[in-house]
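Take a look at the structures below.
Each of the next two complexes has chain A plus one more chain, namely chain B in the first and chain C in the second.
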Partner chain A sequence: MQQLLSVQNLEVSFAKRPVLRQVTFSLAPGETLGIVGESGSGKSVTALSIMGLLSWPGRITDGKVLWHGEDLLQLPADSHRQLRGSSMAMIFQEPMTCLNPVYTVEQQIAEVLMLHQGMNKRQASEAAASYLEQVGIAEPKARLRNFPHELSGGMRQRVMIAMALAGKPELLIADEPTTALDVTVQAQILDLLKRLQADTGMAMILITHDLGLVAENADRGIVMYAGEVVEEGTVSELFETPAHPYTQGLLRSLPRWGEQQDLLYSIPGTVPRDLGAIAGCAFADRCPLSSVACREQQVMHMLSPSQAARCRMVNAQVKEGVAR
Partner chain B sequence: MFKYVVRRILLAIPLVLGISFLVFGLMYLAPGEPVRMLAGREASPEVIAAIRQEWGFDKPFLVQYFMWLAKVLRGDMGRSVISQLPVAFLIKSRLPFTLKLNFWATLLGLAIAFPLGVLAAAKRQTWVDYVASALALVGMSMPGFWLSLVLIIVFAVKLSWLPTSGTGTWAHYVLPTAALGFSWAAGLMRMVRTSLLEVLKEDYVRTARAKGLRERVVLVKHALRNAMIPIVTGLGTWLAYMVVGTVIVETIFAWPGLGRLLTTALMQRDFFLVQAIILMISVAVVAANLLVDVLYAVIDPRVRLS
Partner chain C sequence: MPSFLSRLVQHRLATAGGIVLIVLIAMALFAPWLAPHDPEAVHPEAGLHGPSWEYPLGQDPLGRCILSRMLYGARVSLSVGFLAGVLSLGVGIVMGSLAGYFGGWVDLVIMRLAEVFMTVPQFLLVIAAVAIVGPSFTSVLVIIGLSSWTGYARVLRGEILGIKQKPFVEAARAYGASDLRILARHVLPNCLAPLIVMVTLNVASVILLESSLSFLGFGIQEPQASWGSILSQGRAFFQTAPHVATFPGLAIMAAVLAFNLLGDGLRDALDPKLVEGE
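Then we have the complex of A and B:
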């Protein structure tokens, strides 16, 4: 199948300090990809790079972002801009601060409709109400006149989603869409996203630090650590046969249903600060399996047609398996 | 919105009354009895006593204050001790010149500060920003009187392009307007730049960009509107700045405005005239701040609630 989005060897630096290294993944139309990682692992930077929203001092230094086979990074800035909010939309972690406090809900949704669907003010106003209805907001006509500060966090995230839908996107990037919300509201928002995806057939990138969200909502997942993709696979592969020691560590640190645990497992050590100083595996310092060979540059090793991990031990395991 | 404005106006009334009391009290305490000016040096004690009684200076302080206040409220601000002309007439003849000068200086300041400030913020850390910020620093560092003198030396004395005094033609306005407007523009520009940079970091600006809006729309519609909140706060001091600047600039350029009327009146201890001008300026500053409060509500819907 023709890929909707294909990120190839994407490298990003913040003021000469590398923050993304060789990030590669792809996404088919309608598919949901989960990106998991700790804060600072490069999840959001990856998303912003795709959207062309990376702001100073961040800079893309290498790689390609292919959209329907066309490299967005070679596109004039204005052409990339026209895709934003229409073909590709994004919602963010902080619904409290993501809406402009001085404009009404109506003004903020209508703006997208007038820009990308060429509606006039009256049409946009009517359509805005229907989008609010679509994201499950009661009394949409009344809510249109509200300012963001008059709405709850969950409502604001719904408005953000309505704004994203208004451009009829093929891809929705949801960057920690529920992290700032109450648990009950989290579930509602995720159900909503799933339903909208089923209705519109859009693809979704779900960025989260919550493995559980990926397990429940995504088809495939990639695990990022210190600006690198360390493992990639279908959700069942990642959860049942995790290959990279970091993925394994993440799974071990989840609480398990029905298991008596006094202390949750945590991966020893912290995320390295300066990626520029690391030539080999960024996880080597915290890895129980590391050896001298891990200090050299690592590549992705295929474990199955859909699973791969950036760890030389995986390669050894696979070879062992073949030898046996 | 309407209730908010009404409440602001009601709150301003005691403030204005307090100011009037202070203004009157200060002049009362200031050295130099106005009776001496009225009567002349050689006047006999009887004449002085008669004048005291005539002008009400023999009454207790508070009685004098309320008498004065009652007259002011009726629009009677007394007569100049020196020229014997009504204070209201003197002010009315000078006010238009000051208003015109302040209007053009304000317009010049806004026309410089907003475009440059927005440009510097949009192109931060580039040569555009560096040049604009350097200009602002120079502008803010130059005292008004010094800038006035430099302008006179360069454009009037050396180049003979522009006149140094008088009000007849537009050419007469150029130098005083520039002297008054530039340093205000410099301060305002820095404020526009700083608050816009602050707002550009906000999440909703990123949202605006994620919608695919043109950068110009992001800057002006989404960012600048929010940046206006702190900028408008700064504009509250605009009138106070203009008053100080006006006094200096009008003196240097022999501009027949209120600023010069005030300095002359002060030097001649022209009691009622000084009181009236200072009271007027104070009320104007209160009104400017009232306007700022109303502008807040226009810009920021969150203010309308409280």
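Then we have the complex of A and C:
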């Protein structure tokens, strides 16, 4: 199948400090890809690079971002801008502040419609209500006249989603869309995103640090650590036969239902600060299996047609992981 | 917008300021019909006479009717105040937006230019420029307007530096809005509240500046009147004929106060975040 998006060996530096190294993954139309990783692992930087929103001092130093086979990094800034909001849309973590406080909901949705669907002001105002209805907001006509501060967090995130939909995107990047919301609202928002995806056929990249969200909502997932993709696979592969010691550590850190635990497991050590100083596996310092050979550059090892991990020990690991 | 107007009307002091301004503007507009005498008719024998039935606010050193001169002077003072205020606001918005939004060397150049302007006292700058161009209504207006943009530019730049980091600006970039659109539609409207307050203060200070210029003979030229020139004429006779300086002084005070009250009300009414508390 023709890939919708294919990121190849993407490298990004912030003021000469590398923050993304050799990030490679792809996404088919309609697919949901989860990107998991802790803070600072490069999840958001990856998303911003795809959108062309990386700002100074961040700079893409190498790699390709292919969109329908065309390299976005070679596009003039203005052409990339026109793709934003129409072909690819993004929603953010902070629904409380992502809406402009001086405009009503109607004006903000209408702006996207005018920008990307060539509507005039009146048409856009009329169409705005149907988008609010689509994202499950009750009394859409009345809500249109509200200012952002009059809405709850969940409502604002719905409005953000409505604005993202208004450009009819093929790809929606959701950067921690529910982190700032409480649990019941989280579930509603994710159900909504799933339903909209089924309705419109758009692909989605779900960026999160919550493994549960990926398990429930994604088709495939990639695990990022210190600016690298350490493991990639279908959701069942990642959760049932994790191959990379980091992925295994993450899964061990989750509390288990019905199990008596005094102290949750945590991976010893912390994330390395200066990635430029690391030549080999970035996880080696915290890894129970590390050896001298891990200090050299690591490559992805294929475990199945869909699963791969950036770990030298991977063959031994698979056997052990299955046995576990 | 109707809600904005109703909020402004609810602000009692702002309404009072607005009414005073409307009255002053009406006086300026209808001066030819309201003035009891020709403002330039000289009666040297009646110099410095106090208020009477015929001359309600008295007469100046040359015996001219102070009320009539003040009505005509309102035209000069208010229009210099407004136009120079708007001009400097315009220049300030352009300069401040460029500096704050685009940053880098644009910011560096504009802010250094602003600092150069600010190292020279504005009054000296204006006097020097008027001396070169020659004093007239237009030259005073343009020179004052072009010399007082620095305050706006600096305040706006600071506001923009804060606002452009907000997530909604990034969200606007993420749905494909261009830089110009983001600046005009998303950044500037969130920065205007302090500028509106500044405009009202600035208009007031321009009125005072024009008065000072006229006092020194660099501003509005005789026999044309402005509040400042009448006031400065009266200064010399303040102990013997206080009415000459008092009435234009009161007019300047009323105008300045009215502008400030209105600005205060505008700031509250334009801020959607304050509505929440009502």
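One rule holds in what follows: the second predicted complex is superposed on the first by the 314 of 324 C-alpha atoms of A that agree within 3 Å, B and C clash if a C-alpha of one lies under 4 Å from a C-alpha of the other, contacts with A are read in each partner's own complex, and residues count from 1 in each chain.
By definition in this document, a contact is a pair of C-beta atoms (placed from the backbone, for glycine too) under 8 Å apart; a residue touches a chain by one contact, two chains touch by 3 or more.
Owing to the predicted nature of the structure, the values given are computational and were not obtained by experimental measurement.
After superposition onto chain A, partners chain B and chain C are found to clash with each other. When the two complexes are overlaid on their common chain A, residue A:285 makes contact with neither chain B nor chain C. Of the two partner chains, chain B and chain C are each touched by A:81.
With both structures placed on the common chain, the touch criterion links A:97 to chain B and to chain C. In the superposition on chain A, no contact is made by A:126 with either chain B or chain C. Touched by chain B in one complex and by chain C in the other are residues 51, 53, 81-86, 89-90, 92, 94, 97-102, 111-112, 115-116, 147, 149, 160, 163, 167 of chain A.
Residue ranges of chain A in contact with chain C, taken from their complex: 51, 53, 78, 81-86, 89-90, 92, 94, 97-103, 111-112, 115-116, 147, 149-150, 160, 163-164, 167.
The touching residues of chain A, when paired with chain B in their complex, are 51, 53, 55-56, 81-86, 89-90, 92, 94, 97-102, 111-112, 115-116, 147, 149, 160, 163, 167. On chain C, the positions that touch chain A within their shared complex are 166-168, 170-178, 185-186, 189-190, 272-273, 275-276.
Chain B makes touch with chain A in their complex at residues 124-125, 202-204, 206-214, 222, 225-226, 299-302.
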